[in-house]
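When the chains are written out, they are named A, B, C, D, E and F in that same order, and each has its own residue count from 1.
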Amino acid sequence: MGGYGDVQMIDENGLRVDGRGPGDLREITIETGVVPVADGSCRMTWGTNEAIVAVYGPMEAHPRKIQRQDRAVLDVAYNMAPFSTTDRMRPGFNRRSREISKVTKDALESVVLLELYPRSKIRISIEIVSAEAGTRCVGLTAASVALADAGIPMTDMVVSVASGKINDIVVCDLNKEEDNYGEADLPMGILPNSGELVFLQMDGDLSQEEFKQAWDYNMDAAQAVHEMMVEALKGGGSQ
Amino acid sequence: MGGYGDVQMIDENGLRVDGRGPGDLREITIETGVVPVADGSCRMTWGTNEAIVAVYGPMEAHPRKIQRQDRAVLDVAYNMAPFSTTDRMRPGFNRRSREISKVTKDALESVVLLELYPRSKIRISIEIVSAEAGTRCVGLTAASVALADAGIPMTDMVVSVASGKINDIVVCDLNKEEDNYGEADLPMGILPNSGELVFLQMDGDLSQEEFKQAWDYNMDAAQAVHEMMVEALKGGGSQ
Amino acid sequence: MGGYGDVQMIDENGLRVDGRGPGDLREITIETGVVPVADGSCRMTWGTNEAIVAVYGPMEAHPRKIQRQDRAVLDVAYNMAPFSTTDRMRPGFNRRSREISKVTKDALESVVLLELYPRSKIRISIEIVSAEAGTRCVGLTAASVALADAGIPMTDMVVSVASGKINDIVVCDLNKEEDNYGEADLPMGILPNSGELVFLQMDGDLSQEEFKQAWDYNMDAAQAVHEMMVEALKGGGSQ
Amino acid sequence: MTIPIVPKLLRAHLGELAANDGRIDGRKQWEGRELDVKHSVLPRAEGSARVRMGDTIVFAGVKFQIMQPYPDRPNQGGLMCSAEVRPIAGRHWEAGPPSPESIELGRVVDRGIRESGCIDVDSLCIIPGEKAWQVILDLFAISDDGNLFDAFALAGITALRNATIPAERFEVGEDEPLTLSKTPIMCSYHRVGGRFVYDASGREELGGDERIHITLGDDDNVHSLQKGLKGIFTADEFAEIMGHACDRTKELRELIN
Amino acid sequence: MTIPIVPKLLRAHLGELAANDGRIDGRKQWEGRELDVKHSVLPRAEGSARVRMGDTIVFAGVKFQIMQPYPDRPNQGGLMCSAEVRPIAGRHWEAGPPSPESIELGRVVDRGIRESGCIDVDSLCIIPGEKAWQVILDLFAISDDGNLFDAFALAGITALRNATIPAERFEVGEDEPLTLSKTPIMCSYHRVGGRFVYDASGREELGGDERIHITLGDDDNVHSLQKGLKGIFTADEFAEIMGHACDRTKELRELIN
Amino acid sequence: MTIPIVPKLLRAHLGELAANDGRIDGRKQWEGRELDVKHSVLPRAEGSARVRMGDTIVFAGVKFQIMQPYPDRPNQGGLMCSAEVRPIAGRHWEAGPPSPESIELGRVVDRGIRESGCIDVDSLCIIPGEKAWQVILDLFAISDDGNLFDAFALAGITALRNATIPAERFEVGEDEPLTLSKTPIMCSYHRVGGRFVYDASGREELGGDERIHITLGDDDNVHSLQKGLKGIFTADEFAEIMGHACDRTKELRELIN
């Protein structure tokens, strides 16, 4: 987190730089079927974030050493396109992307019914073509929708949202400016039907009370986003 | 192409910096059997270009995933030795070399009777030990000779030559100075017996008329080079 | 070798900067069983060098293409930890480490009874966590002890020591300052029971007479180190 | 890129269709697929485009960096063009270092734009010998149903034509549009069922043979050619393709102008 | 890292033990293994520590380099933290480029230290805009019998607390200790036999499910969280873990203070 | 490099030959193959040589670059030596990152030249602390029929002795020859059929055991040694080899002087 504490990001009425209240989400749109050659796909915009996710499979897992006799494996790649950021993102190996790919895979493997497809692989490509703040949440949420679009059975969809802290105030869904000056970020991956978690990260500085507030914001936001996901899968468009 | 149009490279008599007329080739020598441990080989000098090509195979294709049930595959590597250029060429990954390897492979696979050797591999190593201009043409032509030297059956040999444009005049077989200041380069891979093509690239700026002229220069030059190739394969030396 | 010949490193009494005589070794300690999860291990300090070696195996050799039908293969990796040197050592590919890994493997394969374990692999990890001078000798010697600790049968243990030249005087077991200003370094890998060699390198400048002197120092030192190795394997600690 | 097994049945089918002047999706030999071009679609890019040709979808994004001019060309900026085809774009595209296929894609598109001279590299100089703009064009495939070459080339030139030099962000003056003097356009042809067709789809590529890429400038000048894959073609075949390219590039140029 | 075959028998055994509130090595659910922490153990490092937790052994080493501050933060030095798990540490660790597992290890430990703000990056400035100290913390595993996360984090903060800035060697002043304003401590929990336990051993990791890592500061403030591996946990489970972490981090902080 | 299957029949045959003091190509134990050395054979290199030893053929090329001297040695230039054995050189050499074999090749040849002190690195300084020449020696194999070590070393020293410093091209003065004060020469020995032989051929290497490389200077001073591959040798065997090397290096030094 940036932590330049002296920039004022919340006005006297408790409103944020983009006019939102502390618990409000940015604008979100969800669309399926956007990668015609894939088995399932999703385009999600969230503020000026844009993620495109394609799902291929289940298909044969090769090389054979990655096969598991009793279940499918997920091959998850999170990637930022070179033009997705203010300073061009150089293609190639990137530790941050590797870590996000891994925790996203861990989250999705918790809900996909892997046992239905022994020895197979499901490939999930998450491409961030425009990045604001919270791309890992957008990518994970869009991946859930794309898996559903591909007809892959899951116990529940994962909804991922992040809350954070700015000017010592806990707020939901940091935007780019807030993220630059923010003091903490708590992304969670929530199962909306049970309130359980499959994904959790955090960095920065939160007291135990602030942590609880951020947690609650995420839980509420997850319900709201979940409705849009269901709508998009029904209708083919959420806006 | 460099395109510094204001340097005068053709004199009032239409002669070029090295005294050649517009349609003339640089001096060429061809020698076979120059890599004693290989199944076939060729050393070709063309101006101050020097290419050495070795052919190994047909041999077992491994790893098995590159095998084709119904034919042989060619494994073609074009490479410039570190001392082949004025500024030392650093060894390692190089996009230009990868592309030239690929189009050279595409050209040679068009003439080698691959069906005769199912599941096998023929390895063709093209090393440029001295580079002037037109190394891809020298490499492809020398590879044809090396394949013939190895006794690999082909429908025809490929002869590769390039014409270009300098001071708005179309000329055959650009040398180094001409290439630096030239305005276009058209390398072609020609089957001398039929006049058909298996290789074609071009960059720069040619009007449709200039393009036709360059094409014709290449067709004529291919016949001349082909005679030297046949001579070298008969006699063991063309000079 | 550094070769700054004008720094005086040996005093009027023939004593070296750390008080040793020409043929004396630095202080050495040897300990086994230091990597609890390994099949055999050794920690060796030698001056302020510290090497930790773990042995795993014999185990199945994979990928299968490295398997040998009639014997085991050794997989030896010599590596310097990033904090082992005055200037931080960047992790990753390093030609020096690759060469030392290879010659260490060559030396150990000369004594391990590889034929007892066809198609298998024995993995030997040599980590230098603190480097002074002579790390390759410490690593090779410690690897012998770790192999013995793992119960891997050998015809003999390898003892590796180096002698060198400083201020035109041949001395045994160069320390860091001596190595920086030294004029030659002769590391050898000796079988203490027969006086035969399995490892030999040298660089610098030694006359034939100097070479003989350095060779003899190494032979004598090997006997002394060998006693400590045997002691450590008997008792579990040599200090 | 994994090498897909070329289905013999598909090849045979494509051959039969060609014999009756047909194509697998009902198009004529020289007919392109439905085309949709949008520019300025990527908020973080200084220029961008999205091109859809049938089920092939690609993005192009332009970014700028400040570079030091090369010593021998102190008054010139530069252009860098790179193509990435990541696994999102299709089942046969794999992660890892750039494949020969994607290297060829990037270099052929790059040459068409660079060699046309449409970007005046002298105009990219900020302080001679010290600072100049480097234009970076990134081509990115979302869905590959064939003919990524033409999709990339069209998206690339469209993104460049709509790019803004971000001088304010770099504190070297005021933002201004990147000016292009020409509009090079690529047309690609694939041998399918024994004859060449324009704008091959994914299945036509799978069951076809060699391909030829032609980039022409405003006045039919040739800026770039490339023959790819195994195959032999005649001078007459090439002349026919070149004729079609002269017409088709004009149509496409008008479309994006 | 090779994927070990998860033995079903081991899972079943761990489940039975858990049902009776037992663990495979006899520990209680929230009990840590025997712990040994030594600092200043590496002669070439400017700060170092060796941590042994049961049969897990790791080193941490601190080195300093002089860097040019980033243009937007001319008065700040930097911290770089990297974790390496080489084949010495266990049969299942392999050579090669950093695995996803070791990348996660390094980044999670890094965040805990960095985000606590324990290092005052402004104090690392030597000449504003020109020279500043870069602190490099290298975490290195010798023997992996589980819970490398906590071992690395504890070795890391211990090495930093005992580090000396080598100003004399770099000829920019006199050596002085690196000062840390806080002591962030990590506690890790693993689901084994269906419930979470503290400080899992290697066999518990092998037969277990997801893990959760919590880094707390001096005043119980949360600085870093991470959930790893396949698995679902409830808010109540998390609250219980957090409660234990508040207590345990205090004990460990006292231990190294 | 692929590991060739060592043919037991070949080993047995080499053993029988050795028992009768014979070698597979009829040579005597200490006899070298026919040798051809040409210099100045590569137009783009500033120094070059081609060495043929039997069917082993290699090139060496020298290039110069301008480097900034290292801070602790402001008056010195540098030498870099690298060996490449690409697939052209033989069926068992493969493409890819440098193999342990080619790394060893390059480093052993490098040490022999560097440690002899034949290049006066002080003479490579152009402007103290600012500019100095870096000499780059590239060794490149064309045909590997055994003993690349000696072929590389001989080509390398020959290329260096015929190199010109291209000061005019870099605009730092007039061209002048690179001066060498010594002529280090390498001789390599391979255990074949149980005893050591000089200048092993490809088949002798394939069916042989360990090898020893010795680089001697003008006055028999030892500059570099290396033992490679699995095998045990005695002090007496080494003394015999060293004796031969003292004689043979003198012959070779005369040949290229």
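As a convention for this text, a contact is a pair of C-beta atoms (placed from the backbone, for glycine too) under 8 Å apart; a residue touches a chain by one contact, two chains touch by 3 or more.
Please read all numbers here as calculations on a predicted model, not as lab measurements.
Student: Could you name all chains that are in contact with chain B and with chain D at the same time?
Tutor: none
Student: Chain by chain, through touching neighbours only, how many steps does the shortest route from chain A to chain E take?
Tutor: 1
Student: Taking each chain's centre as the mean of its C-alpha atoms, give the chain farthest from chain C.
Tutor: When every chain centre is compared against chain C, the largest gap points to D.
Student: Note the rotational component of the Cα superposition from chain B to chain C, reported as an angle of 0 to 180 degrees in steps of 5.
Tutor: Chain B sits rotated relative to chain C by 120 degrees.
Student: By residue number, over half of the contact pairs should agree; on that basis which option among B-F, A-E or C-E is the same interface as B-D?
Tutor: More than half of the contact pairs of B-D reappear in A-E.
Student: Hey, how far is the Cα centre of chain A from the one of chain D, in Å?
Tutor: Chain centroid spacing, chain A to chain D, equals 32 Å.
Student: Rounded to the nearest whole Å, what is the centre-to-centre distance of chain B and chain E, using the mean of the C-alpha atoms as each centre?
Tutor: Centre-to-centre distance between chain B and chain E: 57 Å.
Student: Find the geometric centre of each of chain D and chain F from their Cα atoms only, then give the gap between the two centres in Å, rounded to an integer.
Tutor: Spacing between the chain centres: roughly 48 Å.
Student: For chain D, which residues are shared contacts with two or more other chains?
Tutor: Expected reply: no residues.
Student: Among the residues of chain B, which are close enough to touch at least two other chains?
Tutor: none
Student: Chain contact topology under the given definition, line, ring, star, complete or other?
Tutor: Topology of the interface graph: a ring, with each chain touching two neighbours.
Student: Taking the contact definition as given, in what order do you meet the chains if you travel the ring from chain A through chain D?
Tutor: Start: chain A; next: chain D; complete ring order: A, D, B, F, C, E.
Student: Which residues of chain A touch chain D once you look at their complex with the stated criterion?
Tutor: 34-38, 48, 50, 52-54, 56, 59, 77, 79, 81-88, 91, 123, 125, 127, 129-131
Student: Please output the residues of chain E touching chain C within their complex, sorted ascending.
Tutor: Residues of chain E touching chain C: 42-45, 48, 55, 57, 59, 61-63, 65, 82, 84, 86-91, 95, 136, 138, 140, 142-145, 169, 202.
Student: Which part of chain B faces chain D closely enough to touch in the complex?
Tutor: Its residues touching chain D are 1, 3, 66, 93, 95-96, 98-99, 101-103, 106, 109-111, 186, 191, 194-208, 211, 215.
Student: Which chain E residues qualify as touching chain A in the complex?
Tutor: Going through chain E, the ones touching chain A are 3, 97-98, 100, 103-104, 106-107, 111, 114-117, 210, 212, 217, 219-235, 238, 242, 246.
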